[in-house]
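Look for chain A in each of the two complexes below; its partner is chain B in the first and chain C in the second.
Right, the complex of A and B next:
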């Protein structure tokens, strides 16, 4: 039983990153209908920004703030420079995001080389609670991810800005008639989505090594989580993220680990066959 | 007019007198050598050092005036193609080298998955092909008469694995988790380890992890759940600190943690400077620059740094899988008396023991895989103990 719980706990840690990424994907999709596939590379850039900041300052806290801030700027630049031109053709935006993967990965290799980098862990060691091991850094990472997700949720549900986002997601034309600056609101979702990926990058860095290819591991999972949660459904993405992390960890613990991806995506296929719009209500409209 | 001719004659005579022996003998020739390596892409770190080893050896040979076979002095011409760490590109690169550039010999690819596909082209083109790729051993390409021009430049996996298993058992390990990426490199190495473990009576739990794994907790927890008392980590070696951190934080009770070509200083740093609660060991498949220090390899790495700083990086040891073999190839060509008859050259290669920077090197009789120096490092109580393991060649 302890072993099962240990695997579940390990999975929650994995799932926290998936949830951060998936919420970013789902926010962008909810408002722009663009499936932003390059979000994995944004995680990679966030990890490197956090690493560079840690090297310069020795502080992981500053690294976390820098990763979120710099990625927010990158999110704005990509929206202003690229995605806003594809808003009328979301499929074009999707293809553009595929191209961005190559470009961002190439930039990563050019700047940092293909060799893995790592930072001294901010918090080493673990707590042993009756045989269940809580890695201190993992606990911090889960806490940070949860706080960020709760903050994003609170902003969406409790503020005027959040109301505007939901209005645009429900009906952009009606929102525009009501005086909501639709284009501006859409831009902000790219900013928030990228900032969440930046936080995800920081979490990845504190867990271990990073390389320009680290985003590949999170891209498909983040997207799958967004699908399971229901594209456009923030709460669904958060819950599905944790669910996928736990499923993946249990598969590694009890199945053939080499087949981990097959198990996880097999579950995704079954869920989508059963509920094509995901477990949350999605696809037909955003549910922020 | 006559004076001008006389001056020209004197100039030519002077040139002949001062020129290298090759020029004096009159007949010269070129031997083309191809390099098919990962010079960019995901596995660039595995391709640049072997390519650097070949190029440095060729430069040193050419700078000395080349080499003489029969009455002709030959120089090498190197043609380097980047396979971009991709299988299709590696096959295309081999096609270019063999069919367009008409090289006699190819070094690489070092990466197993690429070498397995690319050798089909070199075999069809009857070109001598050197590579350290381990799948050539496990797939039987280096034994028998079907592919006599393929030569493995890495120590026999059976021998290396037997030493690794022996190390684990000497450290008191009864059941080991074999932890590695689920890829062709691992699949090329695993059978030899399992066979060695079976012979020695060591129980093995195989845990192959998906590529791009960043969080090792689940896999280390799996090993813990299997009650192993040792973990063997094959690759990627650069991620050993992450695995060790997970082992320490998840409190896995081990007697030993080890692997192949693991950097020993990892064991000193990963536990906040405190000694690891288990023994760390690393089996070195090539001579080491530091463990133990060796004047011959030190001089070599200094030359490599000056020649190609990229090749002299963290994986500089991989250049031992090519450098000496260029000189060995020259010896074989001299012994065979030809630079074009690859069957004769290959036969000669099988009879030579070459004393190079990687020790005494020779190819096995039953399998055309090389024997070269290696090493073994243990870290106990934060102290590094290293010993060289001499090649089996006489």
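Right, the complex of A and C next:
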């Protein structure tokens, strides 16, 4: 039982990152219909920004803020420079995002080389709750991810801006008729999505080592989670992210390690065969 | 006063509006009728800023609103209640109404307006917290109209508000539309296919056929079967546009 709980706990911390990434994917898709595959590379960049900041200042807190802020700017640059021109052809946006993966990875290798990097753990040590080992850093990471997700959810549900985002996801033309600046709102989802990936990158860094190729695993899982949660469904993405992390951690703990990905994506495929639009209700938004 | 002059709209090779001229005063209910595909929705959508006209001008009082973004058109005082209601289905009725006031910032006033409309339409007031997609068609249409009014327009355009509704609901909406015009002083431009409804609600009718206004006159003109037949099924073949 202790072992099970231990795996589940580790899974929640993994899943929190998936949830962060998936919420960004789902927001961007929900409003622009663009499947933004370069999100894994945004996680990678966030991790390196956090690493560089930590080397410079010695502070992981500043690293977290820098990762979110720099990635927000990168999100805006990609939208202004690229994705806004593909809004009428979301498939083109998808292809462009594939190209972006190569470019960002190339930049990563150029600047930081392919060697793995790591930072001193921000918080060493662990709590031992009757046999259940709880690394302090894991608690921090779960806390940060959860806080960020809850804040995003609160903004989405309670603020004027959040309501505009949901309105555009539901029906962009009708939202425009209400006076919502639809293009601007779409741009903000690229900014928010990238910032969330940046926070995810920080969590990845504080959890272990990073390399320019670290994005790939998060991309696949992030998308699987977004699909299971119902593309366009933010709550669904958050819940499915944690579920995915727990399932993955349990599979790693009880199955043969080499089959880990096979187990996880086997489950993903079964779920999507059973419910092709995911378990949550997706966004029904009309096309631009 | 809404004034549309020589308005032309193309969708690719489709010449949807071929020089539309139309005026609507603040103190009247103008009904635009015409066969399917005549371009009625295109007129309203273009005036609202959803389509970009290839030629022509639109004025709301002194302001040239042709080619403006939808947001600026709303700010200028003109709001469209689109065909098919188009509520935000995943949002509550209250949130839908709040979205209608998106260009306004006075939270207290917005709440006040919602409270006033809730009193006026108790069946809507009782459902403010419910997802809009769960309402009946008639209730959704009323919410769509109130949502349009939340922006406090000087002129309100409505695209087929009667479609798919029970006759008793249609009658009620007709009464409300006339009241809005006479008591609140909101100019009304209405697109309708339901000739009976158009007759009871309008002060003046305009007939649109193949992207042009081919007739304007008093409502009783619609009692003239020859005129209607001519413009609805008439001499000019419909295949021209395709």
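Criterion: the second predicted complex is superposed on the first by the 282 of 288 C-alpha atoms of A that agree within 3 Å, B and C clash if a C-alpha of one lies under 4 Å from a C-alpha of the other, contacts with A are read in each partner's own complex, and residues count from 1 in each chain.
In the analysis below, a residue touches a chain if its C-beta (ideal position, glycine included) is under 8 Å from a C-beta of that chain, and two chains touch if they have at least 3 such contacts.
Given the structure is predicted, the values throughout are model-derived calculations rather than measurements.
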item: Clash or fit, chain B versus chain C on superposed chain A; value: fit
item: Touching partner for A:175 - first (chain B), second (chain C), both, neither; value: second
item: Partner chain(s) touched by A:69 [first = chain B, second = chain C, both, neither]; value: neither
item: Contacts of A:3 with chain B and chain C, given as first, second, both or neither; value: first
item: Partner chain in contact with A:213 - chain B first, chain C second, else both or neither; value: first
item: Touched partner set for A:167, first chain B, second chain C, both or neither; value: second
item: Vertex chain A; arms to chain B and chain C (CA centroids, nearest 10 degrees); value: 150
item: Chain touching more of chain A, residue-wise (chain B, chain C); value: B
item: Smallest separation in angstrom, by C-alpha atoms, between chain B and chain C in the superposition; value: 37
item: Chain B and chain C contact sites that coincide on chain A, given as residue numbers; value: none
item: Residue ranges of chain B in contact with chain A within the complex; value: 41-42, 44-45, 182, 207-210, 212-219, 221-222, 224-225, 236, 238-239, 241-242, 245-246, 248-251, 272, 314
item: Complex contact set, residues of chain C against chain A; value: 48-50, 69-71, 74-75, 79-80, 82, 86-91, 95, 98-100, 102-103, 147, 151
item: Residue ranges of chain A touching chain B (in the complex, touch as defined); value: 3, 6-7, 10-11, 13-14, 114-116, 118, 121, 124-126, 128, 133, 135-138, 204, 207-210, 213-214, 216-217, 248-249, 252-253, 257-258, 260-261
item: Sites on chain A touched by chain C in the complex; value: 160, 163-164, 166-167, 169-171, 173-181, 281, 283-284
